[in-house]
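Note that the chains take the letters A, B, C and D in the order they are written out, and that residue 1 is the start of every chain.
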Amino acid sequence: MTLDELQEIAESEREAQKKITHRINVSVAAGCLSLHSDVVFNILHEEVKKRGMEESCKVKAVGCMGLCAAGPLVRSEPQHTYYRGLPPDSPEVLSAIVDSINGRPVPEFALSPEIPFFAAQKRIVLENCGEIDPERIEDYIGVGGYQSLLTCIAKRSREDVVQEIIKSGLRGRGGGGYPTGLKWSMVAKAAGEQKYVICNADEGDPGAFMDRSVLESDPHRVLEGMAIAAYAVAATKGYIYCRAEYPLAVKRLKVAIRQAEKLGLLGKRIGESDFSFEVEVRIGAGAFVCGEETALIASVEGERGVPRPRPPFPAYSGLNHCPTLLNNVETFANIVPIVRNGAEWFASIGTDKSKGTKVFALVGDVVNTGLIEVPMGMKLRDLVYSLGGGIPDNKKFKAVQTGGPSGGCIPEQFLDMGVDYESLMSAGSIMGSGGMIVMDETACMVDVAKFFMDFTRDESCGKCIPCRVGTTQLHGMLERISEGKGRMEDLDTLERLGNMVKRTALCGLGQTAPNPVSSTVRYFRDEYVQHITNKTCAQGKCPCSKAPSTAAGK
Amino acid sequence: MQPYPESVPLPSADKRWKLVEATMRRHGYKASALIEVLHTVQESFGYLDDTSLRFVASSLRIPISKVFGVATYYHFFSMKPPGEHTCVVCLGTGCYVKGSGELMKMIEREAHICAGETTPDGKLSLVAARCIGSCSLAPAVVIDGEVIPRAQANAVQEQLRRWIGHDSR
Amino acid sequence: MPEISHYQVKTLTIDGKEVCASEHQTILEVARENNIDIPTLCYFNGLNGVGACRLCLVEVKGNNKLLPACVTQAQEGMEVTAHSPQLHEYRKLIIELLLTERSHVCAVCVSSGHCELQSLAQKLGVNHVTLPYLHEQCKADGSHRHFVADHNRCVLCTRCMRVCDEIEGAHTWDITGRGIRSRMITDMGEPWGDSETCTNCGKCVSVCPVGALVEKGKAVAEMTKPNFLPYLIQMRGKGQ
Amino acid sequence: MDKARIATLWLDGCSGCHMSLLDIDERLLDIASAIELVFSPLVDNKEFPENVDLTLVEGALANEEDIEKIKMVRARTKLLVALGDCAVTGNVPAMRNNFVLADVLHRGYVDNATANCGPPVHEVPQLEPKVIPLHELVAVDLFVPGCPPSADLIFFVLSEVLAGRIPDLSTRSHFGN
């Protein structure tokens, strides 16, 4: 397919859309699906059919709209309204919604798009999520999909594309924040006949589901980003390494790949050029460390997903010892808008060193749990209180955990901090993939630290000694403290051992594993001391709070 | 390249071996396909056992110790047959903050098994998940493949009692 | 062997001492050539490096990460610090962690006196551990005709696995599980004596740094390991 | 100058460390002239005295009596030395930590007993669930590993201490024999 042919499809798709005067988009991403949005979709569809309005009113299954707390979510246009929490078991309500499409929205369920949760977002990565049908490639093409890819292939040199990404200032969205363009240029310059592009969709951070939503809602966006990357670095083969826990994402990716191959947008001779790029999905098997790039590569090779020392970096020697470009889902999803709108446009968004937007999964003790995309640098307070709607039940804010098991807990005094890579780092946490878990005053920080150490201990691959034994020792120490058997010296040991593990572990998992401990010891030392000296947990979360306190020392 | 090891016979007449063989063929019997093939085995048979691992090892020409090492490295692969029903409790951070740890303890008490085990009567397997990505609808439990958002302890308990015949204990 | 003309000599410093390295030499190789002692445990001359034990970590000026000397190639102009109080602390803690992991009871070990873990502890001045013992439950396997595998003494250096795979070509050994529950296995975790792939060559026993793999019938402190390097070099020369 | 008040204590160990101490042989005479042995299994004192300058402790902490003793000894001693692997690491006595205590007792007093079956309950201190080295319970000033530490090493420790120095054992000592 050539660029012209693609534009023809887009044009006819847009023509078809014009005939539709009313649209009811129903979210069928995993969150809403678990609240039976598929039933809502079917009933709405039937209701429209009953009224003979199929020609003008389109009920469409779309991806994630973000506000999971209010699912199943539906959007009705031109009413310009969202509907929240639609009951799948009440056809009357759904019928009333269809009846109202020309008038005022049904008030009990209506939700204005003007509330901060929606209005304060800037959707770039998620621009198509909730708008298009993720299982129809024509929908994606209708909103300009694959034009960036074919334009690159037809009109731009490989170097030019790499330069565009460098200029944009885009940094890896998987956690580390390494400049994406730099990575691309390393792979582009690396010597090797065979090169690979791998998309890291092994979103392992517990409490994060940004990548899942993107894959389920807009899979073509990721595929197109990968293909542009492949073109830029001269790779011909790509893999998407997706978690087995995301069956819907895997299914939609496979559908999308088939559709794109059929239209000649992936596979051999893309856009009738010499450029070929084939993509395969690889399914993970439950190992958090496979989010680390060298471990992920080992897993794609069919081995135990165990990290290897770097250097050599995958950019020079990765999959099958060939130069390999590895980016995560959100990074690839940023490529198309950068190529379409230019590096300057992208660089104008965000902060000095962190450009663009970031998708966050806002979860935990916050009213509006869900997925949001905001410009880098937005204040934590706005995220939690404005978009997030604050803490439920008038409880007090205690901390927000970012960066998953590699991150830290950020206390109240940082609420007015603008969120970007640097600020989070300086507060003792990391951006990570974008999970943001809000905790209210009832959370026990010793318990939280123990939770994360239990996680990393369990997920440690066991290859290097500091991580294998160090995480076990750290966890044991936290366990003793939570049982009221801790000693004050333990706090120093936590720090000493934590620092050692950070400095000596082989891979990112081990090097960051002590972060949840060190950040909580730093900001919530009082709570540790209380567990040790009073042998009680004020929040009642730890085992020591359940046993009668034995205050007698040794 | 090595020729296809056509000499490896299927372990039995069970048709599911054909599915396994098809996956291996699709990947050209390459060693790198090991994990994909193990996925197919588990999908087809519910778990991995000696027979299947030996079959896969000899078909893909991978040392048996390595196949076993890979199979036991990944938590997704199970070496034991699953129970009739499966209950997955998400212990991701979002769910944990919302009390999934307590929920898990309740289920463990209820079913008299620990996470990762199956009841002796084979009725129920209890699984802990690291995060299923339903964080905003925490706590999430997956019962026989269906995600239960904002899972309530008593509702889950009721469901489980129906399966494991709690009263007879 | 590469020809002399291919050699490109690099100059670097290790602990302030100026040293020369040839193409593809690792920091560790250069250091040992120059009598600079960097402790190692998983490293075994002649086997592929894995950088797993982290004892040989060194500081390289301009790099904020510590690098494993065993797999990091020497570069022109590198300024390497192989010994510093900080590195010494880390190395001691690594040994401590190992000592707490399983049951390393020198008093009843056949390899006492010939054990690399024991001598590393001595060399680094580890005379007690500050962390609690974990007492990981492991098995001892005496099913093999000639050898014993006592996993309570295993440090998971994977030398046995590598020598069995890279030199003997049998790949009888591998690792099962992960993290603290990692265990070395033969075949599918069945007793060593039942292994269908083991050739009884004993290479794994020769390279084991501790008392985990030993010959049968040896009493405390009787188990010495042969110098395996000449054999490895010979086999490498043939194989590649 | 007053003679240094020195004690030795025997907890859960095989007495090998004390044997090694005696193996100092003729050098003992030099030491003996500089010290007063105020408590030891080698002398007939029933009461552990106050104001002890140096106590060499052999053995790990395995029962309730060991624990009581070591706390008292620690309180009355200026310089507490963990002598030998049992005191330093738990060593052989701690090998039972891999099993449940009840199983260990059953094995010893039931499975393998030919008469008087059953673990003793009267007039013997009860075993702790886990055997631990000294420093897991009390502060230890000097660690002298070895199974046993050689006579030379013990002599070195004693002479250094008597000379008013804390001996530097960093690379002199090692675990095991």
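What we mean here is this: contacts are C-beta pairs under 8 Å (C-beta built on N, C-alpha and C of every residue); 3 or more make two chains touch, one makes a residue touch a chain.
Worth saying up front: this structure is predicted, and the values here are computed from it rather than measured.
Colleague: Count the C-beta pairs in contact for every pair of chains, then give the pair with the highest total.
Modeller: Highest contact count among chain pairs: A-B.
Colleague: Where the CA atoms of chain B average out and where those of chain C average out, how many Å apart are those spots?
Modeller: Between these chains, centre-to-centre, one finds 35 Å.
Colleague: Counting in whole Å, what is the centre-to-centre distance of chain A and chain D, each centre being its mean C-alpha position?
Modeller: 58
Colleague: Averaging only over C-alpha atoms, locate the centres of chain A and chain C and give their separation in whole Å.
Modeller: The computed centroid separation for chain A versus chain C comes out at 39 Å.
Colleague: CA centre of chain A versus CA centre of chain B: separation in Å?
Modeller: That gives a centre separation of 25 Å.
Colleague: At which residue positions does chain A touch at least two other chains?
Modeller: 287, 304, 459, 461
Colleague: At least two other chains touched by the same residue of chain B: list those residues.
Modeller: Expected reply: 66, 69, 73.
Colleague: Which residues of chain C are in contact with two or more other chains?
Modeller: Chain C, residues with two or more chain partners: 130, 132, 175, 177-178.
Colleague: Check the chains against each other and report every pair that touches.
Modeller: A-B, A-C, B-C, C-D
Colleague: Can you check the complex and tell me which residues of chain B touch chain A?
Modeller: Against chain A, the touching part of chain B is residues 30-36, 38-39, 66, 69-70, 73-77, 91-94, 96-98, 101, 129-138, 140, 146-149.
Colleague: Spell out the part of chain C that touches chain B in their complex, as residue ranges.
Modeller: 165, 170-178, 185-189, 196-197
Colleague: Going by the contact rule at the top, pick out the chain D residues touching chain C in the complex.
Modeller: 82, 85, 88-92, 94-95, 97-98, 133, 135-136, 140, 143-145, 147, 169-171, 173-177
Colleague: For a test of understanding, state which residues of chain C touch chain D in their complex under the given definition.
Modeller: 99, 103-109, 112-113, 115, 118-119, 121-123, 125, 127-130, 132-133, 135, 137, 152, 220-221
Colleague: For the complex, give me every residue of chain C touching chain A.
Modeller: Touch list, chain C to chain A: 50-54, 57, 66, 68, 71-72, 89-90, 93-94, 97-98, 100-101, 130-132, 134, 155-156, 175, 177-182.
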